[in-house]
Amino acid sequence: MGLDLSVQIGKIKLKNPVLVASGTFGHAKEFEDFFDLKKLGGIVTKTITLKPRLGNPPPRIVETPAGMLNAIGLQNPGVERFIEDKLPYLKKLGVPIIVSAMGYSVDEFMQVVQTLDRADGIDGYELNLSCPNVPYSSKTETLSLVKMFAHDDRMIEEVVSAVRQVTDKTLIAKLGPDVSDVPKMALAAEKAGADAVSLINTFIAMVIDVKTRKPVLANKTGGLSGPCIRPIAVRMVWETAKRVKIPVLGMGGIMNAEHALEFLIAGATAVQVGTANFMNPEASSQVLNGIEDFMKKEKLSSMKEIIRSVKS
Amino acid sequence: MFKETCEVLENKTVAPDHFLLKLSSKKIGKAALPGQFVQILCSGDSLDPLLPRPFSFLEASPTSFSLLYHVVGQGTELMAKFKKGDKVHVLGPLGKGFTLRRKTEDGRGKRLLVGGGVGIPPLYHLAKDLVRTKEVKKSDIHVFLGARNKSLLLCEKDFLKLGVQLHLATDDGSKGHKGYVTQVLVKFLKSSIFHLPSSLIHSCGPTPMLKAVSLVASEFGAPNEVSVEVPMACGFGACLGCALKVKGETPGSHRFAIACTEGPVFEGSKILWD
Amino acid sequence: MGLDLSVQIGKIKLKNPVLVASGTFGHAKEFEDFFDLKKLGGIVTKTITLKPRLGNPPPRIVETPAGMLNAIGLQNPGVERFIEDKLPYLKKLGVPIIVSAMGYSVDEFMQVVQTLDRADGIDGYELNLSCPNVPYSSKTETLSLVKMFAHDDRMIEEVVSAVRQVTDKTLIAKLGPDVSDVPKMALAAEKAGADAVSLINTFIAMVIDVKTRKPVLANKTGGLSGPCIRPIAVRMVWETAKRVKIPVLGMGGIMNAEHALEFLIAGATAVQVGTANFMNPEASSQVLNGIEDFMKKEKLSSMKEIIRSVKS
Amino acid sequence: MFKETCEVLENKTVAPDHFLLKLSSKKIGKAALPGQFVQILCSGDSLDPLLPRPFSFLEASPTSFSLLYHVVGQGTELMAKFKKGDKVHVLGPLGKGFTLRRKTEDGRGKRLLVGGGVGIPPLYHLAKDLVRTKEVKKSDIHVFLGARNKSLLLCEKDFLKLGVQLHLATDDGSKGHKGYVTQVLVKFLKSSIFHLPSSLIHSCGPTPMLKAVSLVASEFGAPNEVSVEVPMACGFGACLGCALKVKGETPGSHRFAIACTEGPVFEGSKILWD
């Protein structure tokens, strides 16, 4: 009998629990040479903002032990041109498309999603409440607001409920890791009507070049991702999944199926593959194959038998 | 773009701290164009270093390709340990290479290839292709090489074998002009008479050299393209980490080009050097 | 002319800025075969509690990408037997001895330090406000208190001021990384009279064995340390050193002198070498040598020219 | 305890997925005692894997020592790649080894060495020392080896060369008794008459085997010591990560022993098996 890998995230039924993480999969087209994109459970796009953004000056990335820092600065064509230039290709793939959206204020969040809602071919939204690459030095109120979003349960509640008013599509709140109490933030999103939460975004981090005595990144700080953060991400997914009723999308350093299974067993309903796409463009496809192999080996027929199956 | 597991055919020293790595390949070698590059996972399945490392093609054939690399850090140190028969994970060919064919009035133009350090290998690949395709006469291909000393004038003999015109410069004067290769270039542009607009200057090497070359080129009104070296994560447009500051649509504006897909070869005049 | 590597932490003048981190240097004797311990700027002991503690059941450690999890559970002989059995050896070394102390309540914190204060040969205290290995499930009030300490600026202030009452010796508050606003926590410690803050303790993290579907550690979660956390630690030291007046002791994944210099340039007045001691017992000694080499190469004569010299 | 950079003298397969690694050493080999171990940095200067890996001595001399290891994961896979001449960072000798000399009434006691899997190498080291030091007569040294099949009866020939008494068991019966080595041990203890209190049973291998052996030993009232295998970080008492649950001072109480310094060899009767 066949394996059923499907999972439900809000209104979206994913045929399998393996998605690709925002900002790590280009506009998907970059990967078409490597595997059949139809295989994916879903695609989360690079974060889209209301206006086009040039992004941060270089250097934007630096390698760290078992990880990397990035300060891309949300380079994106803006919501209008995203709909014109990028969405058509994504639509054609026949894979659930979750657009990562963000605004520099509650209003902007609403506008971005409203604009996207008019286009078709979008299945849901992941609200990026946790972009770490807003300049620390920034004084403008809107920016410092953004910096707060994921670190402040009231802001999370405000943004999510505001966006909830303007769309019926599946709404996912993406939370940041730089907090003491992730479940508290997730509960705020749940209360405000989010259909799911994504954990985790990158950690704010820094590398200094001792020769020049300057931060390596032009933005000074960047977001830490990759295998190095996985044990923290698994812990956060584990403690959050115990507290919220809505599904958790887990991510953070997933390089292969075993890592994805760690998240699923800890309580994630689906996983997102991020940094691994850079070293191995086939990573997400291989993660999926590996989960199927695991189910066969352990004679499992549905994801229910894996999700939150952690023993203690 | 292909993901291939290539076998090491050869990995030998060709200059102090410089190695030539030849890899077997069914797909990448066949598709490789001069100026394009590959991403190599130096540490195999280990996570340290995590990211792949980009290297230009030196040569490419339907069954193999080779790179010439300088050992500068952790990744290249691991590569120096590669032994015949080892398997290496490679991604390629990546990026947009050098301009090969171009319409010029009755092909009066010359091609000037200006290279320094590990910027030389892709220029050899280019010269070889220009000769093979008879795009321009050998006598119209002028190669300008610069290095700290003569032992670092990479590929010198190979260029000679090709029969192209060679112009050398070393910082210590151990061979050719004592000083910068750009000085040799300027002297050449001043002394020789040929149709600059239908010519093309290709350069690859340290950023200061690229900057100097494209300034010289614009002074003389010669079209020029440079292959830039910027830190990269993915190498194929997935991370947007390889930003390069270039001129924007509107005058005075700028934007950040994605060097791994829009480049690594750019029109020199488009780049905003800082 | 000679190099002056000395730095001042509260009342303690360290002859150099390289210490060893609590819980990673045994009782020091374990390292005497490897290098002359007199070289060290200082030694921070394993955390001592009022009563002896057996520690957590095994497994207590698991390796992670460029790091490790530990859930030792503060195994220690208790303050009395520490003074009898362990302190004499430490005293003899002629190196500043900073005893890491912790209690399960404000009172216990005071008692531990009061007891230690009667012994001689102790130069200062590092209050461990951030031990991550207290069982999550625990319901007893004292334990859950401990869990809160480093995550709650008011608790930090309360503990530090209480201990401040009972000792004149140098008092260092060791803070945890699982917070949004480390400077806020450091400022609370400063306000309460701490002479310095130590950043960072380990991140609460988890590894799950997909075969057994159990957390690998008997304690379920453990503390993540090692190179993997360094970029986050450097960022936290950088943002904290800008805000507090008291010195910051930086740590987190320091494996060699270059890493130590990253922390010093970011704003740390001294550094502590932790996990590196396990892979290379000579790590702390080599870090010191490397800093001296750097100073010679860059023609520097004092630490002032390095500490907080980050450009931007 | 020494930190040495040792040169690989030999690294060869001795059984399926089992390698013998011989390293040059000026200090560690000279100081090594049976049952002690070394920590090996399998990945050299790379951070993945980060922690060293512990391995018992198989043999030791003033100029070298050797280990016998099973390839089970990332670290041992890297070790399998070690080539003659490679440099390896090693820490040792670590821990407390087996009891060699002990007072017994007119040396009537026998030594019974019970080993399985990669628990066999340290027992060979012990047997060799007992023979060399004439601590007990060869005829009084009985070695019991267990394995899945005969190809995994490590060091069998070496024990034969030593001239000690060999008792074999394999799960598949391909050699010796078909079944567990502990069954052979029990049979031996029942059938042969000798003074148990002055004898000593040493065992090393999978935890279930160690547990079984020490139960058997206590039934027969024979002193026994086991060498345990627990996950370790440092290997020399710095991290307290290698906890082993043992009996506490007061009856019924327990404590956590630090296996790398108090052990890895423990009195079987002291351990609280779960």
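Letters are used for the chains, namely A, B, C and D, taken in the order the chains are written, and counting of residues starts over at 1 for each.
Operating definition for what follows: a contact is a pair of C-beta atoms (placed from the backbone, for glycine too) under 8 Å apart; a residue touches a chain by one contact, two chains touch by 3 or more.
Small disclaimer: the values here were computed from a predicted structure and weren't measured.
Considering every other chain in turn, the ones in contact with both chain A and chain D prove to be B, C.
The chain with its CA mean position farthest from that of chain C is B.
Across B-C and C-D, it is C-D that has more C-beta pairs touching. The mean-CA centres of chain B and chain D are about 56 angstrom from one another, to the nearest whole unit.
Averaged C-alpha coordinates put the centre of chain B at 49 Å from the centre of chain C.
Distance from the chain C centre to the chain D centre is 36 Å, each centre being the mean of its Cα atoms. For the pair chain A and chain C, the distance between C-alpha centroids works out to 33 Å.
With touch defined as above, residues shared between interfaces to two or more other chains in chain B number as follows: 47-48.
Chain C has residues 65-67, 226-227 in contact with two or more other chains.
Taken as a graph of touching chains, this assembly is fully connected, with contact between every pair of chains.
Every residue of chain A that touches chain B in the complex is listed here, in rising order: 23-26, 30-31, 33-34, 46, 54-63, 65-68, 70, 72, 75, 226-227, 255, 275, 277-282.
Chain B makes touch with chain D in their complex at residues 43, 46-48. Remark: chain A residues 65-66 touch chain D in the complex.
Touching chain A in their complex are the following residues of chain B: 1-3, 41, 47-52, 89, 91, 230-234, 236-245, 254-256, 261.
Against chain C, the residues of chain A that register as touching in their complex are 64-67, 69, 136, 151, 178-181, 203-208, 210, 212-215, 220-221, 224, 226-232, 234-235, 238-239, 253, 258, 261-262, 265-266, 294, 309-312.
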